[in-house]
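When the chains are written out, they are named A, B, C, D, E and F in that same order, and each has its own residue count from 1.
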Amino acid sequence: MVLRKNNKTWLKFVLVFTALMLCSNIAFAASESIDIETLKQGLDTVWVLIAAFLVFFMQAGFGMVEAGFIRAKNTCNILTKNFLDFCMASLAFFLVGYALMFGDGNAFCGTSGWALAGLSDKTISGIPVFAFWLFQAAFCGAAATIVAGGMAERMKFVGYLIYSFLISALIYPIIGHWIWGGGWLSDMGFFDFAGSTVVHTTGGIAALIGTIILRPREGKYAPDGKPNAIPAHNIPLASLGVFILWFGWFGFNPGSTLGVNNGGFDIGRVAINTNLAAALGGIFAMLTVWKKYGKPDLSMAMNGALAGLVAITAPCAAVEPWAAIVIGAIAGIVVVLGVEFLDKMQIDDPVGAVPVHGMCGIWGTIAVGIFGKKALGLANDGFIYGGNPMQIGIQIVGSVATIAFVLVSMGIVFKLIDITIGLRVSRDEELRGLDIGEHGMEAYGGFQIFSTS
Amino acid sequence: MVLRKNNKTWLKFVLVFTALMLCSNIAFAASESIDIETLKQGLDTVWVLIAAFLVFFMQAGFGMVEAGFIRAKNTCNILTKNFLDFCMASLAFFLVGYALMFGDGNAFCGTSGWALAGLSDKTISGIPVFAFWLFQAAFCGAAATIVAGGMAERMKFVGYLIYSFLISALIYPIIGHWIWGGGWLSDMGFFDFAGSTVVHTTGGIAALIGTIILRPREGKYAPDGKPNAIPAHNIPLASLGVFILWFGWFGFNPGSTLGVNNGGFDIGRVAINTNLAAALGGIFAMLTVWKKYGKPDLSMAMNGALAGLVAITAPCAAVEPWAAIVIGAIAGIVVVLGVEFLDKMQIDDPVGAVPVHGMCGIWGTIAVGIFGKKALGLANDGFIYGGNPMQIGIQIVGSVATIAFVLVSMGIVFKLIDITIGLRVSRDEELRGLDIGEHGMEAYGGFQIFSTS
Amino acid sequence: MVLRKNNKTWLKFVLVFTALMLCSNIAFAASESIDIETLKQGLDTVWVLIAAFLVFFMQAGFGMVEAGFIRAKNTCNILTKNFLDFCMASLAFFLVGYALMFGDGNAFCGTSGWALAGLSDKTISGIPVFAFWLFQAAFCGAAATIVAGGMAERMKFVGYLIYSFLISALIYPIIGHWIWGGGWLSDMGFFDFAGSTVVHTTGGIAALIGTIILRPREGKYAPDGKPNAIPAHNIPLASLGVFILWFGWFGFNPGSTLGVNNGGFDIGRVAINTNLAAALGGIFAMLTVWKKYGKPDLSMAMNGALAGLVAITAPCAAVEPWAAIVIGAIAGIVVVLGVEFLDKMQIDDPVGAVPVHGMCGIWGTIAVGIFGKKALGLANDGFIYGGNPMQIGIQIVGSVATIAFVLVSMGIVFKLIDITIGLRVSRDEELRGLDIGEHGMEAYGGFQIFSTS
Amino acid sequence: MKLVIAYIQPHKLKDVKQTLYKAEVHKMSVTNALGCGEQAGYEESYRGIKFEVNLLKKVRLEIAVNDNFLDGTIEAIIEGAKTGNIGDGKIFILDLPECIRIRTGEKGSKAIG
Amino acid sequence: MKLVIAYIQPHKLKDVKQTLYKAEVHKMSVTNALGCGEQAGYEESYRGIKFEVNLLKKVRLEIAVNDNFLDGTIEAIIEGAKTGNIGDGKIFILDLPECIRIRTGEKGSKAIG
Amino acid sequence: MKLVIAYIQPHKLKDVKQTLYKAEVHKMSVTNALGCGEQAGYEESYRGIKFEVNLLKKVRLEIAVNDNFLDGTIEAIIEGAKTGNIGDGKIFILDLPECIRIRTGEKGSKAIG
């Protein structure tokens, strides 16, 4: 067997030390501690990185869900947006975002660590900054891409590029700082384990304000306000996307432990809760849509699973499995009612970004205050354990603050884009499809596709 | 560097202990053991959870393979089944299944741990119950979803929901208990490392009895019994699915070590065997179909790889790589002959669930008795090492018992569903496609698709 | 809590040892070292295996990208090639390749370890041979499959099978030996951390010579040499493939650490560099194509991300993140110019295998000599750190040697195949599509697809 | 010469081809079509919105025949396609003044078959 | 009887269907088509190669009507499809000597509707 | 006026478009079709079952022309599509009594081009 370098170091140490022992009888048993320490750090890093890879892979999931749920003629466009927003997020979060979010600073934002310069090698949780950055950058990319779906089939590509740089560089990191970077909300005891608020409420509310400013797609609402169905063009793609997202969520939530402490007990809890909430979200969305509209609509069941995942993201580490079941089931119902409500309001969100990420992000955040347990790391026990509404109150403050900040900041961003370069493509381009107008190419060359809707 | 809490604890300990040492000269070198123990458990948990994620992801693989291999008009239906059976399995295996399978009980089934209540925090293998549950739940979901493919394109959705709850809650867990939960087969020395019998024979035989009861698809067999080809509608999707399954199988088999013992030697063996069997299954299925029908049919080659994977699942930890090659190659041949045989029997299995999971599950189980090695953990050496037929005998007993139990129990389940709510959709619905009849939606909105077959 | 076996062993040891201590006062504090050692090895093995799984999954990515970028009528063909070349590579690399690459031997190739026989259980880096083999076999499969894309839509299937066996058994392993197996290039100080040269230059140059010998597709170049566009048939598939490749690359590069040393710092660096180069490759390819041709072409942006990944593969462990940004950005430009250049030379590479893997593989290899740092493990500091051109020189030697060897050896292989069984299908078969001619099946049964180009 | 255009149920194509072969009509062209006829549509629902689908999937046959083959062709189509249910389809017959075989340049009756 | 063939912009199909319904024309067949007319094509570019696309997506309607319905049908199509822009489409009218309902064997005028 | 319907090999579409342009025929409609003619089909096999495919992929052209353009159009199609092999395709010519441009309401000869 070949000894690796650090072992050799250690061997030398032991020899010296044994010699010392023989003289002095002082057993310095800590001799090995560095090794275990390093090994532990290695395991933590590997865990967080693998989680980061999974979260990165969610980008594919978002892409496939969004593409699958819209019409064939806009497929290249949404995929290009989805692809480039991750690229932009990587750049923006490297140059600016990480510093704003995790750099030392004030209660509002960080002010150091631009381009990761001048940071210590390790983060507070003990893993290397580079590894931690990747995990966080993948989260940032997820927040950015949520919006693409809500504003699909009509938003200009250039505008989207600008938007995606800004949200990744500024808006997402600032909210992240409040909650995860030592800002004012974390000081208050606000609990968002893996980002129901930081990632999903942010993305969902940005999609909401964006799609309101953008107005509905051509033909989506009849003059009398009655919504028309604009059916999905590729359900298998969307279904694959949902599975990829669910798979990636096992990095999103369990990875947010940021290390393997306590023999993996925390991770196990997060993982089981994540899975149960997703499953129940799927089941209850299906049941709800079945009951209301007579058929088990797969697109809604899939949205339901995502809704369950979004909702459990905040509380996953702080609740019992039975609570995950309840949280997921309610999310499944919320998402169906949310889709219906938006249609009633004539807010046209082609893929359900607002109900899934926005509404269920809020629901999950508040659920912490209802079902969370102090013993599992919360500032206060949740409402059902003794009736203390304190944590619910804190959660609502955090949720409302995030919503308000996103509405205002993203509202300004979209309005500015609208005034300067324009947010929406021309009617002709929309009818023919953004693939041809914006990218000069088609998604399915050679296929005969009706573009009648 | 920031010291984490447990390290601080340890530091204190060391100081106290060093002081003690100075007094008493007793070197209590075990001081650190708890730390290593916990770290080891953390690594085990992380490993099993990552494996669980991979096994979960196989659900996407099953979905894409099944959807790709059938006609476009039934795609939403199979995807909904595939999606919801995992949701149902999660719920059923949480409430009932886990207790039946791993709870303390008798030789036939477990009788404690309903909804995971009242279990000790850790399983026998040392990882947290919550993590172990997720791994096992993903297996349960796999067994359930195999059936969807065999009964595709004609089975009612409601019936499928009921079926999937029952197999996950009762039938799969009972067989699992026999073999993995301390039941009568494990006492006998039956060896099924990762589930050729528990998962695949169960799923494959359930698909067999189901598709027999259901009868063939409209137009599959001419009045004279000659089979008609009903070509796949999306080979790229199926191909992707096969890769996802193969990828997920690296969680399925290697993850079944349930921990990282022995410096990873066991895991390495399982992994290489898994890969070689899959590769040879693919090659030999292609060669067989090429020889018999003149063309290298990709759909068969892909089935061959899956066949190799199914076959190596039982023996993967107990055989040498060369044996994995042989086992996989034979599985590749078996699957082609199996497809042919079923068509001769007019048993209509659209995706090859029975040959792949049923036949090759049996083959893999028996292969343990032929190629297995006592030195690698088997009760007896396999037949080729000294000619002892003992292990083959044990394996056959286990396989036959499983087949019998599944045939009877699933036969009853399907018959009951048939009598009460009906197992099969109407002829008209079948001709138009289950997507419209059962779900009121289409998989490929806007695409022009011939639905002439 | 249940004690596992090795812990018990250790317990016994401690007891004996404590007794010894009481007598002799010699604190043999190393008592636990074996345990940590084994645990470390376990973690290393798990890490490398997970990385191997990810690299394996890249096979799906290659398949989807290649299939998506060509016409529907040749989809089954490319998928079958992609599927079977991994199967063939598994077999060939097991029987022959590994021995040639990593067996003891001379500066040119290894000469021992056929079918992994007679090797010690562990590799030099300390992980089990079986696990290491899987990681390396997945790399070998990647090199083999690159060629399928470049020669797509006209190369015979039988010829491809032969090719894929030969490259995996002989050509790739020999180059691998030079650089990673202790051969002459590694002795020279040539640095290719994860395979810009070993895998990508090899695959890309093999694709180049192959596609030259094969000549362009029917109708690709007008008689006057003007290239015609032959648009992709399934962009979502290709997009998914790119995400899978990017995801898999997190196994490819970070996994090439072959262990978790140094608390994961090395892995973290590799991971962040990999991600930044990919992102910048995507952004710059998009900007370049946008500027040159007026539209942001997604297919090029995706090629750009792959280009960034290929380029960072050699230097990823030895450069700073800012350098990864530069390397990726340049790769993104190179790939667009490369596609254009090939079209000017009338070399028909349907998916861009040569620009992505060939050209950017070379660029990445040389970039080591420019941006690499001695402090990060290089023989010499890169050019920008003090102006020493030494490492650039070494890198060029390695790159040129590889190119030359591949051109000659693969040139011979393809010529021999051409002369004996023929390399190219008939014109009629090409027009109708290789799916029907070679495999007797269609990729999209029932879909109406124009096959006018 | 006549040009026969027939709309039939997609799953009846196989039967119609067989009856046409029996009637010694071997040449035809087939396209995909959506049809709106007496047959009732069905309801789909997507994300909570119901909508009526009344363009149903049909197959369109186009068959050029010499006059003496016309009746046989029509009978064959009816035999293959008829189930007695609404949605069975419809046949249109046009005059076909001229027909040319591209390969040979032959015209008229002898170019048809 | 007449056979009306109309090429229209795909996104106008919904409108045309509505105006036809108003004109009490409920039966029609629809196919996908690519058309080359006065409307200018557009440029696509793929991997650095630009190319002109001049076969634009159109929808083809085929409607068999009795002579007394002809004018109403044409007006309805024009009403539904016309925007005044190039690319609005074209209507062709053929004589239709015979029409048969497969289900009943009815022929001529009463088979059409 | 005449309505020319031509079935050609899909990969010949580019050539035919070119020869038509040369003959100053710029307007046409194209659809996908499956055709059964003299050309032999081929065998596919799927999961161990062989089956004959005799509906081959074709492209269907529909071109309305004024009578003085008819010959030029036919010649152009033949020039572009002919290889001398079975499967080259067929041309059908129908009378076209009326043609209307939706945008302008123009009728007859001047609406065609």
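The definition used in the following text is that a residue touches a chain if its C-beta (ideal position, glycine included) is under 8 Å from a C-beta of that chain, and two chains touch if they have at least 3 such contacts.
As the structure is a prediction and not an experimental result, all values here were calculated from the model.
Traced through touching neighbours, the fewest hops from subunit A to subunit B number 1. Common neighbours of subunit C and subunit E, listed by label, are A, F.
When the contact pairs of C-E are matched by residue number across B-D, A-D or C-F, over half of them reappear in A-D.
Residues touching across the subunit D-subunit E interface largely differ between the two copies, under half of the numbers being common to both. Separation between the centroids of subunit A and subunit C, computed from CA atoms only, is 30 Å. Subunit F has its Cα centroid 18 Å from the Cα centroid of subunit E.
Taking each chain's centre as the mean of its C-alpha atoms, subunit A lies 47 Å from subunit E. Looking at subunit B, one finds that residues 21, 25, 27-29, 32, 36, 39, 43, 46, 50, 231-232, 234, 240, 294-295, 297, 299, 440-442, 447-453 touch two or more other chains. Shared contact sites, meaning residues of subunit D that touch two or more other chains, fall at 31-32, 44-46, 50, 94-95. Each chain pair that touches appears in this list: A-B, A-C, A-D, A-E, B-C, B-D, B-F, C-E, C-F, D-E, D-F, E-F. Within the complex formed with subunit D, the residues of subunit A that make contact are 227-232, 289, 292-295, 297, 299-300, 336, 339-340, 343, 352, 448.
The touching residues of subunit A, counted against subunit C in their complex, run 1-2, 4-7, 10, 14, 17-18, 21-22, 25, 27-29, 31-32, 35-39, 41-46, 49-50, 52-53, 56-57, 59-60, 63-64, 67-68, 75-76, 79-80, 82-84, 86-88, 90-91, 94, 115-116, 121, 127-134, 137, 157, 234, 237, 240, 438-448.
Residues 10-11, 13-14, 32, 42-46, 50, 53, 57, 59 of subunit E are the ones that touch subunit A when the two sit in their complex.
Contact residues of subunit F toward subunit E in the complex are 3, 17, 26-32, 62, 64, 94-103, 105, 111. Touching subunit F in their complex are the following residues of subunit C: 219, 431-432, 436, 440-442, 448-453.
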